[in-house]
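Two complexes follow with chain A in common, the first pairing it with chain B and the second with chain C.
Entry: the complex of A and B
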């Protein structure tokens, strides 16, 4: 090795070391900025919802920073987020979480999109004792592992469609109903299923069809033929956007008549846009709707949030964006109450969160799930080919009448 | 286990018709696979992704206000050139290598296609609307979506056209000659390079038709190609190469098998049952082959 090469190597290592030390000092708080980290699906199969999540985060960061930021020990700080693309891959998400924590020195995390990816990241944040507020992992199993640093602003998956069964029983004069259900075989949908099983037990309802749809399947004809033959009172379907679209397509084509049809992921699937009138009367579980009367001082009401979001991003916010924005409000509130950047102090503050946001009330249960906000149900209603989602349950928030039973296909124009 | 289907005869009719209509569509995809497997000795893992791409072409037309059924004409034309280009770029480099290399190469193509489709068309699940309505039989107790009937009819028509083309046309004869013995065909003046490119193009075109039909009967998503690859692989394994009637029968058989597995074993085992059948058939074939080999020795 000649002298020049040696000199070069020394030079390069010196620079690398300096850079490394800079990046590790790039920690929790930098100057006036509180740095949050998030691995998020910007490419891969969750990329659309990943982008909705990111837009929700960015919207809240802008708004909070513009309105004075976060005040800790008399000093004003602003939020900043470091994003990495997890490619919709749980392994990658876990790696990126490590990287955010160990290399970028992030001390506070925001969640990724989907239950699966949140499940991959939670053990990492737990290991390094990093508080994470997440807005898109609803799977019940996230909240039964005894995680101490995980907080979710959304209602857990098992609550998604329980309200629908209660509603069906109420319409049936308080007597139990006959339920047919089809759920995809993934963590989230199976949690929704558990919720239905609980509700059925509680109300004395009977489950007559209980199909589990493989992930690759995009054909429900067999399930629907069984539904046609057995005539249940309620049909419940949950299988992400694919499940919702397949169900409406085949229910309308096979002319399956059920008095009540309850689903998840209607707005993520853009059901009323893709299927138009065929999706009318479908009952959909949602974390949020713009017409709810919650409010806060940053975003005002849901309607205002909806309008502002449309102005900023050019499309109406799905609930995934709304809940992501709410996560930032929770962090701000926790920092101010903790009045410190100590991770455990922030965590303790998060634990005692009790606040109202435009997205709903937030209070965390022992497992980290939000216990203060009910799920809502909306029903797709159409005027001509123009379809809209109307909130019909729970009764306290209902803006419209719940239409029951669904008219038969032969009576629909 | 559930035996509801045996208590209600109409369910049996419904399941059989659904299975056959679906099976015909599978058979069309499988026929493309059998063709290029037979001619080029390549197992195309990207088969299902070509199908989905064909579907997205029809979907794009639908978004532009054109009825998606026209996709069954436009999509194969575009897909033919996609297949041709794919051959020139990648496949010609692996065509006379061993099977493992070609499987790897087409697996790579599959991943690239998935990511590209995700990039261009987004990760949302989409459907195109044909508004074809429904045929009701037996007093509304058996319902058949007209879109499914349409897709079966189109599949059959294209399959017949292809058989005639392979029998009568010059290129068809060249393709068959190459399949029988590539070297001999070459010596006799067949431009095998061109034959390979055309075969791969025809396969992609068949996938394009199937994709357009899937866009109006089922749903599209960049990552749902693999089940179509597996199904067509299986149909070909059962039917053997270069035997269209057998492919059609085996396709319908698979469709029926899937539907009945769904009713009897439960929906959760539907795809699993297909894989189980695949394993069973492979083992059985091996067993049969080993017997044959014995007396050949």
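Entry: the complex of A and C
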């Protein structure tokens, strides 16, 4: 045998040994820790929202651990999360879910960011019967597949902007409106679109522009040019953080006048900070707002959560962080009610969840979606150069009046 | 000659036994092993164009994505209305029985091999006349365009993505799915390897090499280069389509640009792996893909968030230090291992002449 062959054989056997030794370690509960797994987008197109999600998870883990942890069968346990970066890619996410379950021995999962990635992970968790509480996959089609181990603390995507259309119709004296819409080509935004289609049908509204935007979008001038020409009553845009930023940037650049602008992901994009007055009057769908009057014993009220989060991470929490924190509260509650680490017992406990968190009420429907919490709409309003998000709908939570129509650019200072 | 063959025999049977035993030895790593098989297939087929023929294609991802959509569509469409399956928020659920699932994926894979090959023939006729950078850019466009187009076709889920049929629930063994896809991909790997090895021993490879080295001369020698270029591409498309079909079933969710026509990842990886191992060699892509996969799986999670930076560094290192790939580097260091005889006297004579 020559040197090269020897080297090769050593290399191969070293790898073989390492792999064989890895495959049989780890467990769901190690010592005092309950190990949760999550694939999160730390890079790629969802990286900013992925980080919001991760911060939300971490914040809740710290808080729960500090306040005594999870009590199961008289013993106190702490949460720990294993993270991997899914690179905003469904293929990678599915592979990492497999890895978390098979190699790291994780028995309980937290969701990734975005509907597309959740869609890729759900078949894996389902196959291994791993309960997953997810906080960032809102696509309706997630809840129609009959998944038994998937629980979402958020409202489905089609509900995001339906309310906005209702508002527009109301302002139009109950008559149907003319809608222009542009949606990113991804699972979430396309579901928001379906919600609008339903709402349009219900209210007798007409859709005059129905554009698709590419992923990683940074230009929607073509749609806006059409909007300028056709003068619709409502412009609806959804494309995650980049969609919101692009829309505001180009609407203000091109001075597009439209009476009502409805969007998603305004707070994740920190619109009111990044674009200031340009973003004023934008109407945004949100899962949560700090002014809502829900509370729990871990985070207190929404306002308290907002303040604590700011102290810890240096920015105001978007709803993506809030809902992610809520996911851990749900897990804690389920573990304690199940009083066991048996996956099916935990799943059954999750199924019967009925609780209030600072983020809202949580109760899971048959498909796993949260049915106890309405969506809210807020509007960006400015005083001088200081812009804030004010809740305007539904009326129960509204702190401000909905401003309609949006003044023309020529009249705005 | 006989001795070499015997050595090969031991090597091949050893590798096949390792391959067959792998899912049992490393049970937890089945999915990664399946990925490895598919990556090797992609690297080997890319090597036929990029390495042997000298046509740097970024378009092979087109066939991979096509295969993925075709397999899933056939698997669903054979038994249920496809449009209702992919319709988002559709309230109906369709469940494949065990027999339906396997029949579907069988026919699906057959279709996913044949149709991409036909398409490769058709577009090959149109674009294989381009050379060098023009060909590379054109194929790059093909992959991107395919992703955008697929993202607009409602019947295959458009931007919503396409959830492929779940593995039959009647099979209780949770390991069965992993094993099924692993052995499927391993069979594909063997098939591809045998076929490529056959090509390596044939006149066909010499013609591809002639095209690479000087296409005009090859033409002047009376070789119908276009014909061979197209056939070569069809071969790649055939195996890429199968690889895509298997991956679609394994991942379980097809997204137009991120999973199927994933030029940014798979499309780049296949080129990178072939170059890392050494293009224009039989074993280069295999070694390259294996090393790349180990690097990716082992290292990437340790450097969360920085993995693409590391990948960039890797590319730079490969290009600077191993421009001919690992195989090329070894060949230079140990030429006698590759059957190249260096006449010492002759070499010395040349040095003295200088």
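The rule is simple: the second predicted complex is superposed on the first by the 386 of 413 C-alpha atoms of A that agree within 3 Å, B and C clash if a C-alpha of one lies under 4 Å from a C-alpha of the other, contacts with A are read in each partner's own complex, and residues count from 1 in each chain.
One rule holds in what follows: a contact is a pair of C-beta atoms (placed from the backbone, for glycine too) under 8 Å apart; a residue touches a chain by one contact, two chains touch by 3 or more.
Predicted model only: the values in this text are computed from it and were never measured.
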(request) With the two complexes superposed on chain A, say which partner A:203 touches: chain B (first), chain C (second), both, or neither. (result) neither
(message) On the A-aligned overlay, A:222 touches which partner chain: chain B = first, chain C = second, or both, or neither?
(response) first
(request) Considering only touches as defined above, state whether A:245 meets chain B (first), chain C (second), both or neither. (result) first
(request) Report for A:379: first if it touches chain B alone, second if chain C alone, otherwise both or neither. (result) neither
(message) Quick one: is A:286 in contact with chain B, with chain C, with both, or with neither? Answer first, second, both or neither.
(response) neither
(request) Quick one: classify A:212 as touching chain B (first), chain C (second), both or neither. (result) both
(request) Kindly classify A:253 by the partners it touches after superposition: chain B alone (first), chain C alone (second), both, or neither? (result) first
(request) Check the residue A:185 against both partner chains and state whether it touches chain B (first), chain C (second), both, or neither. (result) both
(message) With both complexes overlaid on chain A, does A:55 touch chain B (first), chain C (second), both or neither?
(response) neither
(message) With the touch criterion stated at the top, can you tell me which chain A residues are shared between the chain B interface and the chain C interface?
(response) 43, 88, 185, 212, 214
(request) Mind listing the chain A positions that touch chain C in their complex? (result) 4, 15-16, 19-20, 22-24, 42-43, 83-85, 87-91, 94-95, 98-99, 102-103, 116, 119-120, 123-124, 126-129, 139-141, 144-146, 158, 183-187, 189-191, 194, 212, 214-215
(message) Residue numbers of chain A touching chain B in their complex, please.
(response) 43-49, 88, 182, 185, 211-214, 216-219, 221-223, 225-226, 228-230, 240-242, 245-246, 249-250, 253-255, 269-270, 274-276, 410
(request) Over in the complex, which chain B residues touch chain A? Could you list them? (result) 4, 8, 10-11, 14-15, 18, 22, 115, 118-119, 122-127, 129, 134, 136, 140-141, 143, 145, 147-148, 218-219, 221-224, 226-227, 259, 262-263, 266-268, 270-272
(request) Mind listing the chain C positions that touch chain A in their complex? (result) 25-32, 35, 88-91, 93, 148, 151-152, 158-161, 163, 166-167, 174, 177, 247, 251-253, 255-259, 262, 265, 294, 300-301, 304-305, 307-308, 330, 334, 337
